[in-house]
């Protein structure tokens, strides 16, 4: 089992980290993918309090946990989105401020810069996050986006992310955008466009989460093979299609767990994703970062699930062949 | 072949109706589903010129064509949408006006009322159209919509459509919303919610277009069976899934015809839709309105396609059994 | 198109043959598979009236129709069944008589003998029919049949069919049992058992109807290849599976045409059967008898369907290769 | 693992309960679904011997086993069936008696009443069983049942079960009919009809056994969702489809284990049933009764299998989410 | 129908061209893909007789046929193969000569050069053919080929084809290798290797035949998209997979038409190939050469089939959209 | 777990057996399927050194390992192959000798005879191996083999194997040919032909390896059922299909592990093979020999894999039912 198995802390932000950490350790995890909301990680305190990061690290270390990744999905969403009332609940008060859309986006970008700087202090090599998108509503909507509109959106994205990636360069940290509906990049070809828009800057890569690709009909393995050197983070979440003729892939506004939905997230190993092929592709491209369980399952107790998922991912992972490819084992 | 086969005029608005009508007749169609842009049908002229409608009808009649349906998708889109720059190209200048979002929506709703009145003059029993949606960007986006937000959106929809449906009631015309991505109702369960929001008003039903359901993983037959008395219009468009591991159902912003897309519209009979089962379900629910070819195929000449589609739909349609269900033909 | 295409007359017994024959001819058929109820064919009149058969033949001939097959499914059903109230509606009064089960079965067997004799007079080479089964309720029921019970049922079948097959031998006519639920032989291996029970008598073979095999999960081509010299008659009927998670293959007692059923008969070419492979297998085994459309479709007008089916079957059928197998056309 | 895992004792009736109980306990089970034949449970002794039930309970308790369910499938089958020779082997001598069909059915119904009373004494909340069917042979047989015949059969069923359900009401016990071929209810829509026939009496619900639904093409999850408050017992049995073109779903009278069959029962977890989705649906509807392994596998040693199955079911079961549906875990 | 539909003459070499030509014309074809064996086209006579080509052209022209392609598969096979006894039957006596393997290959290469020169005289733009392979037996055999062996084989291929392609360059003719088992290029990636080995010389491209790709599990559309400017010829042949658990894709040495095979060639439109998608891909890449029916079907009379295939291909082909991609028809 | 689980030693011939044996034992295996190259087993030393076999057995026994099978695939390949340069690397120097093809084949046959004799000394009941094929390049190549050529190849095979099988008869050892591409028998029907060619000699049977059947589209269970008394050895290797439209089943000469391949071997339990059904079929036919893991997986560390595979196979295997088929467990 060559890669550390860590837990994304997002679903437990109702618990203080002090309380969560020992459980995470008991469940078998080796670290946390720490979210920047609740008290799990507070970006402004990290910036202003000299020992904030060292105290967090000490707390984790007491439970044999590392903090390889900081995740700031919520604030990231506001960077390129057309900000509206929904975003208020996602953002710290000081980012939301007066709520004026363009100013919120500007402050959100600055907060991500601050997150990058905090990651450096924490010794975390990666900041994972969202970027939002000014054209999400155009995807499969009506009227569809013209090439000019799409092009403008990617330019805007590049402009807004430039200071973030500069901070990454300065801090030796990488930004890993999750390819996900609602973001400027949500599938394979839009991920290509995002990389192109940034001129292929090395500070920028992807958080790979197979579940969102699966319901879109993508093979996650093809995604890994397309971007072998841009997989900067891996989150493990499973998904089960539940199409029965009446449900749909767009899910009719229904909340997780509603039996009328066309798909549901599932605790890893309990859905339809071909994990065996994914771990092989990760070996193939030489990904050696952590595997972060992003636990989500409306039908299962979360503590039972967190432990179950940890065991599953540890069983899943294995060492690649030491022999060079294809040279060995043409047998009989 | 019990139902009239007609052509949706949208893809030919570069031609004046005078020029299009004889071709439509030659291709074998019995009527038109006339769009309210280009010169095909001009709502304000219909309102203000005493003989506008009778001249249109006379022109059609010269070519043995009827006008059973008026379609005003473009203006309808602005009724509930959060109007932005994209909408300008869709709208007549007098609807766009100053471009202030709420005012545009208001004028759009009034234009649909005018379309309903024009339909009465034309003897068209149905106005087909879109309604837009203030929450389309929330569908599979992030953050997802809360139940409160969804509920508010449907209330807003009901409020805006109330005068339109009142006009329908007064004119003896029905409004047929196309269940389609980008609209408040885009799949089976969201269509249920839309009907509920309107208290099931009889003036309101659906334009059934199987193609948009197909790529969402819905069985179009289940849709017909769920709303047997609310299918007010039928448009015939085919669609082929082209998933190969790298393409996706959300299509990466790519225009029609791009080989990297995950699906493409196809001329009827040339895609993946089970038309045989659809015609049987239409018989089952007693739909006796027209079948309108909404021709769309980035890989085929449009005139060749229009004729090909007309032949296909005529071959497809057939008389249901005269016997009462199940009573007959248990033979050997 | 090497084989005659004929129509099974069962679904039209509300019409006298006099009225049906000209329609059949107009629809394009070359003959009839004539059922022995209604006035289509009356076995006892054929036995007792000297010119009954010649008048029937003359009527058919006036419309260029032949009568290659007599079908007596209804009476055949009573031969091995445990006769109960349901059978009364199937049987002529003189066969039902007092309704005492064993006596009814005896009279039914005698009526099939009379049908064989009538076939000879008509110049029909085949009598198609059912045989019933004393153990149908044991199939997938509870308790299941013991080997002893099955063995006794097949012995009983052989005993009851012995006089029928003797008559066949004497008259130069063959009996073609339709392999069909409710009969002693309903799938491939039970058909093997039936042949074994009869010691492989040459007078006995099968009416091949792919539809009943299809919903049972059998490949009809495998059936043809298993019994290459026992396909004595072919009936053409299509079937569409309509499983959606709630419907079932056993159909919940629901009548044809009910949308909750798991499968429906369909006019030939409109269901799920692979006719192309079936016609090739018929060529392969050298079947040169008629193809009888057994029309059944709860969702289609029967007269429209009869004509549609005739065209379909004529398009379907083709000449096999004149070259011996495999010798030709290995080209590039 | 929130639900007790128990073993259906039917396949071990060659062993006295005294001998079976310690094995069951060793295999890991927490209780028994006790059958009313062999010496496992004797209804008439329970009725007449004051301490019969307490001795049984004491024996079970010695091995840490409970008896949550009594199963009387064999006698139940005779209640609505047209009784014939096959039933003699299923019934206690005092129920079979003179073997006159109607009288046997009457005595069978009384025995089920006695079973209900015994269940009360045993503290078992559920009697599981069959009901038989006077029209099983009509299902997919020929001639098919008329609506009148079906309606009469359900009325007869209601009449015969009325005293049984009265006893249930009096004793605080529920009757759980297994939806199974050979019974009046064998699929989803026939189960609806059975409930309707009984006016929805609360004493009556279903024993859910996914295997019999699976080969009929039903999705067991849809069944659970259709009857969320009528799942009174759950038996766990797996099934593998083995269609190869020649085998059939009706299985040609072939005994279990014959390689020519189209499907086989399998030890739980080793067939084609989607158990993960079933346990989620059981959580969704709030089923909190036992999970009874009904072990059946012609290809495996039964003792090995019983232990293997117990482990499988314990691994399978898990706690549902404590959060209300959909409220949680929309994370990243 | 934009592309000429022609017939590959190989399966009719038992008939002199004089006899075949009028039939081809009657069947509806517009030309021939003329094979260089039998009397259809004799390369050495074309080289030595001044009016040989003009007489052939005159004969064809009398029947309104063109000769757009010369096919010399048989001789081509010997160019890179390890020649053995099997090849004697394929080759003209003067190419076989003493039968010494290397010398035969040398003479075969010279004959292909002569074929190219003859094509120029005939006005045929393309010579279609095979090339053979020295390593075919290594494909999925044992031991597998080392990279060095594969590399040597491609170098050898390039060396042997260099004079052929030089002749092509001089004559303005293109060589179209059929990607086919038994050739150096038999699937997509081996076709890439072949192009690489030749340094991408423009004289060299492919004969596209979907059937051989289909049974290998390739999507023919992906092949067309991978080599948009190297499709120099298209042959139309269909294929049906017939896997039933016992048959195999490698076909057990069994001749065409044997029911135990895992696949069979079929007359176009009667197998499993997705022709609709292929014609669209041909439009997409701008292929405007002929569509040559390579008729092969062990289960059908060849003359019936040739006519049937011509009708099928004419129905299949259609004009692409005149609009630039994606610009049009985003309608409603 | 009734059958011994052993390891095929081929992938570890870079290690001396002295070094390998303790690891094999640690991984959990009960024996070795010992290959006759490297130092694992040296046929000529076994023939000439009196205590060679006893020392090998003693070494194995020290680690609680048996040697139930000797495998000599490499030399066997040269028996019927047309020997060429590739074979030199496969063969001991004394078998290759002068490299003259026919003489090499002769010496190879003699070496297999010696292997049989050595097996007797080792107490191994089976020699597993290849046989090569003079017509492998004809399979799906061009031109295809004529029936005469196939027939000659099988006669040649029978002639060459006659002395080998005589030695088997004399030594009480059986030869188990692996049905595998590159051999005279590579699928079900060619295996039938091989048995026929040998007149069904009992010394000859098959090494069953499901992986090579799987990619050819065969169901391995059908193979086992076809040859119930000829399965003399079982090797366990898994395989995953990786078709994506561009990859192919013939794999384009690409080495194992190349992501462009259409299939890959996988460590047992991690590919697409239905092992549950295979172990049941092995029980059904009464196979009681060892299950030999033939480990091959280009994406996994071999030592990790060997242990993982041993655990998998032990979990997989189980005792069949003690009851006679079908007699038991008709339950409820």
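Assorted remarks:
In order of appearance the chains are A, B, C, D, E and F, and numbering begins at 1 in each one.
As a convention for this text, contacts are C-beta pairs under 8 Å (C-beta built on N, C-alpha and C of every residue); 3 or more make two chains touch, one makes a residue touch a chain.
Since the structure is predicted, the reported quantities are computational estimates derived from the model, not experimental observations.
When the partners of subunit B are compared with those of subunit D, the chains appearing in both lists are A, C, E, F.
Chain pairs C-D and B-F differ in how many C-beta pairs they share in contact, with the greater number at C-D. After Cα superposition, the angle needed to carry subunit C onto subunit E is 120 degrees, rounded to a multiple of 5. Chain centres here are C-alpha means, and the one lying farthest from subunit F is B.
In this assembly, the chain whose C-alpha centre lies farthest from subunit E is D. The two sequence copies subunit A and subunit F touch through a face in which the numbers common to both fall below half of the numbers used overall. Think of it this way: of C-E, C-D or A-C, only one pair shares over half of the E-F contact pairs by residue number, and it is C-D. Note on chain placement: the centre of subunit A and the centre of subunit E lie 50 Å apart, centres being C-alpha means.
Centre-to-centre separation of subunit A and subunit B, using mean CA positions: 38 Å.
Centre-to-centre separation between subunit D and subunit F, using Cα means, comes to 46 Å. With centres defined as mean CA coordinates, subunit E is found 63 Å away from subunit D. Under the contact definition stated at the top, the residues of subunit E that touch 2 or more other chains are 73, 130, 142-144, 180, 219, 222, 244-245, 254-255, 330, 332. In the complex of the two chains, the subunit E residues touching subunit F come out as 73, 77, 86-87, 89-90, 130, 135-145, 147, 149-150, 180-183, 186-190, 193, 213, 216-219, 221-223, 226, 241, 243, 245-255, 260, 262.
Residues of subunit B that touch subunit E in their complex: 8, 10-11, 71, 73, 130, 178, 180, 235, 240, 242, 244, 254-259, 265-266, 270, 294-302, 304-305, 308. The touching residues of subunit B, when paired with subunit F in their complex, are 244-245. The touching residues of subunit F, counted against subunit D in their complex, run 219, 222, 225, 276-277, 280-281, 283-284, 318-323, 325-332.
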